[in-house]
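Below are the structure tokens for one structure; questions will follow.
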Amino acid sequence: MILATPSAPLVDRQAKPGGSVFSVGGVEIGGPEVIVFAGPCAVESEAQIIAAARAVKAGGARILRGGAFKPRTSPYSFQGLGSEALGILREAREETGLPIVTELMDPRHVDEVVETADVIQIGARNMQNFLLLSEIGRSDKPVLLKRGPSASVEELLMAAEYVAKEGNERIVLCERGIKTFETTTRYTLDLGSVAVLKRETHLPVIVDPSHAAGRRDLVLPLARAAIAVGADGVIVETHPRPEQALCDGPQQIPTAEFAAFAAEVRELVALMGKQIG
Amino acid sequence: MILATPSAPLVDRQAKPGGSVFSVGGVEIGGPEVIVFAGPCAVESEAQIIAAARAVKAGGARILRGGAFKPRTSPYSFQGLGSEALGILREAREETGLPIVTELMDPRHVDEVVETADVIQIGARNMQNFLLLSEIGRSDKPVLLKRGPSASVEELLMAAEYVAKEGNERIVLCERGIKTFETTTRYTLDLGSVAVLKRETHLPVIVDPSHAAGRRDLVLPLARAAIAVGADGVIVETHPRPEQALCDGPQQIPTAEFAAFAAEVRELVALMGKQIG
Amino acid sequence: MILATPSAPLVDRQAKPGGSVFSVGGVEIGGPEVIVFAGPCAVESEAQIIAAARAVKAGGARILRGGAFKPRTSPYSFQGLGSEALGILREAREETGLPIVTELMDPRHVDEVVETADVIQIGARNMQNFLLLSEIGRSDKPVLLKRGPSASVEELLMAAEYVAKEGNERIVLCERGIKTFETTTRYTLDLGSVAVLKRETHLPVIVDPSHAAGRRDLVLPLARAAIAVGADGVIVETHPRPEQALCDGPQQIPTAEFAAFAAEVRELVALMGKQIG
Amino acid sequence: MILATPSAPLVDRQAKPGGSVFSVGGVEIGGPEVIVFAGPCAVESEAQIIAAARAVKAGGARILRGGAFKPRTSPYSFQGLGSEALGILREAREETGLPIVTELMDPRHVDEVVETADVIQIGARNMQNFLLLSEIGRSDKPVLLKRGPSASVEELLMAAEYVAKEGNERIVLCERGIKTFETTTRYTLDLGSVAVLKRETHLPVIVDPSHAAGRRDLVLPLARAAIAVGADGVIVETHPRPEQALCDGPQQIPTAEFAAFAAEVRELVALMGKQIG
């Protein structure tokens, strides 16, 4: 244990030395499978999501991502379709059988989001929204907790502890890049922290190369690196027409290229002696 | 205008080239006076707050700070007295006449906090809690918006724009240090950003040297530097017994020393040709 | 003492609790005077330096800066006039009586630079060029040691210890901004570190607001903040025609405006109860 | 090309779209082989280096590293055995046939180091020691250029351009971690930059997981990630008795475990369809 203040007993590795394995929407995470989560940044329309979901499924990814409520730096940017998007996500699940991960931003939306989603995402900007953490800790849905762009490993573990303390220990941590002086990537993907997290906590850890890179040509090499360093999965953005995307276009992989992307990831996974899910 | 994406028209300096001046609890901010906000990190008891409020008033500070709801990294740390603390703060105001600034963390507490506080604080961890920003934008109380420890100047201005967009333009920005590699201070106080903000936006800007330094011996020199760089005020932590404080003890100035601290700040203010409030 | 590894005994404050005061080119630094160093980024011609030196002197600055050997990120940028510039600096000193500070980059230039300069500058990029530090430690000239843009306070003190260990304790430290994620200023000026340094070491500490800001409109407020936080001096760039400067044009103050700049700095210094030199 | 100021024409990818492949001490780098460089942080004795060299060779690494001149933060730390160490390194090469990489810190040591070393290392602290870069640019030995802990990708490419401009284009770049706020690793390994570099320059790129991690348990996962992201090699520290090492003990792999480490790396390399060298 190398942290300065090791005081997150519920999520500490020592609590479950073998690591946590649990089901997210019927898919086991934390075990031998490397799980690929994929889908567009935001739900923009039924046609867009259904197209994306089919490509995601065909490529072998196991969980569909898509934002209904979008936290945006500017109040004038697209903020997501909200409740309407939740309905569209339910259709996509019906159509493809893929479980859904979507972000919860507002404690007043807890019921609505918990009802629809198979995995509740807490976004990077809300990693220390302690109220939201506690709320979701009282739900029975698995949580995808993204590291804040300036959160230390210790702060991330403490945030997870807020969820666990309320009774929900089905938490997947997600490294998605931190803020540094380097500008050729949008954030600096901190894979050292993934290796640290695998030693410090029993929770599964996945990596989001899309947000870290901010450009699609780096998503594949960073996804491979994430798997090689020991991540339990990756979450990537894919969109039928990235050039028309309402957010994060430059980092989304065209769905037409998703199968090729997934095949390359799968190849590394196989070589690492894992299965892909 | 030197920002990459200058798209916060309501808070942009061009909207009010002379700068905003408005009343926070009867005290004018943004004008010729340098406003000192002071008080303990958290409300711990009636006796503690009344003692602090008297010292704060005697020292010439104009607004009393005190946390009722405390965002804490660990779920096992003291989380504040909540609603009880709001009642204690009302007593302190009655006793001393000082207006109150306290933090709002939970959108469900809006009514309660708005009813008590003269200025609503949005803390650094919630700077991009867009829901909270919008809620408070619909209230009629001035807002103290603290910069997140990894937020860029541009992100801070965008966060303010979220508030302004809902109709509330009485926003005071607060620089309180950013995360860097340097460890001799808790955060790195970014006074260059204060100078930039004074050029980019018409909103008043204050500085919190206590949280930036994390140690009380640096609070005075940093407060003086903040005033010299052009800040409209400073917010500092003071506690009757810092060594017994339930949070942030090392950075709180003992109330017994507050008058001397305030006198030194006042001296610089006078020399800068401003008044102190 | 708050450093992790307090092991720089020669420069430690405890070695000289009252602080070091010594002469740099006949000007006392570390005492009651706040010293202004000024001049262009680089020596470009005799006419340019003489014009700058006269303005610098007229404005009341005490030491003339000017780069003969310029460390530049790109090999295709202007690298300085070298030895020729040293000759021009000597003329400027003869003409105005101002002592000269100029940068040493190459250990093979030690003799030449030591012969001309009254203060030897070790630039930020060379702060951990231990060879250069040791060489200059064996000279009898005062040293201006700039903090590297990613050097911790501790690393800066250790670099100074390299100089002191060879026998030369006339070292002036200089904070000039560190690398962070913030982009509205070129670097983030870390005035908290200046306050820390004044407590940790007996060496004088000055601040370079020009390089930190990267834009001239912020130089005055940051210079004032530096003096307010307790710096023993400031070093600023001024050029007869910044728009034609061969390096760092945007941050250089036109010499025609230098007197006004200096007057404003002097005003704050007077108010702080110090003299200006 | 995504850099802000793409002005390093000699090292730019466009100059050699297929990438540079060249021999370092008889070992081809930049081609299908992934090269492992290994050895202790510093040369401490003949026995230590011979033992390390044998383990390194037995493990299948191709180039022996060992510091003769050590740049150290403190002047009181072990500074390396200097010229004596160069002699010991020559013996190790004779004994094992492994080519040698060692660091050059002082321009006055150029002849001596060039005569002994097969690859000249420019350390992270000297990445912008432009004098050293130019000197080595005039030699005929390959250069291992380490990224400074606060250098941007662009600054690294510019530093390489300094070498190339003098005629020496046999430059291997090395990512070894950057300074950030995260403290669970010594530096933050920036594998995104490795992916960027492979697109921006034709030069080979290797990764140093030992210095980035600062702890040996993370060296293997980070080495695997480096290979997965597309690095042309890795450089790792190994020592017969890390607990007695004169520098960087905690991050050095015991030579007794090096064969197992190398086998695991080799396995990933094979799976990636590359050979290991």
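Each chain carries a letter (A, B, C and D) given by its place in the written order, and its residues are counted from 1.
Methods note: a contact is a pair of C-beta atoms (placed from the backbone, for glycine too) under 8 Å apart; a residue touches a chain by one contact, two chains touch by 3 or more.
Keep in mind the model is a prediction, meaning the values are calculated, not measured.
Trainee: Go through B-C and A-B and name the pair with more C-beta contacts between its chains.
Mentor: Comparing B-C with A-B, the pair joined by more C-beta contacts is B-C.
Trainee: Between chain B and chain D, what distance separates the C-alpha centroids? Give it in angstrom.
Mentor: Each chain's C-alpha centroid was found; their separation is 48 Å.
Trainee: I'd like to verify one number: the distance from the centre of chain A to the centre of chain B, where each centre is the average of its C-alpha atoms, in whole angstrom.
Mentor: 34
Trainee: Residues of chain A that touch two or more other chains: which are they?
Mentor: 150, 154, 179-181
Trainee: Can you tell me, using the touch rule above, whether these chains form a line, ring, star, complete graph or other shape?
Mentor: Shape = complete; every chain linked to every other.
Trainee: For a test of understanding, state which residues of chain A touch chain B in their complex under the given definition.
Mentor: For chain A paired with chain B, touching residues are 5, 7-8, 71-76, 105-108, 125-126, 128-131, 134, 148-150, 154-155, 158, 161-162, 165, 179.
Trainee: Please give the residue numbers of chain A that touch chain D in the complex, ascending.
Mentor: It comes out as residues 2-4, 150, 152-154, 177-178, 180-185, 188-193, 195-196, 198-200, 212-213, 215, 217-218, 221-222, 224-230, 268, 271-272.
Trainee: List the residues on chain B that touch chain D in their complex, please.
Mentor: Residues in contact with chain D: 179-181.
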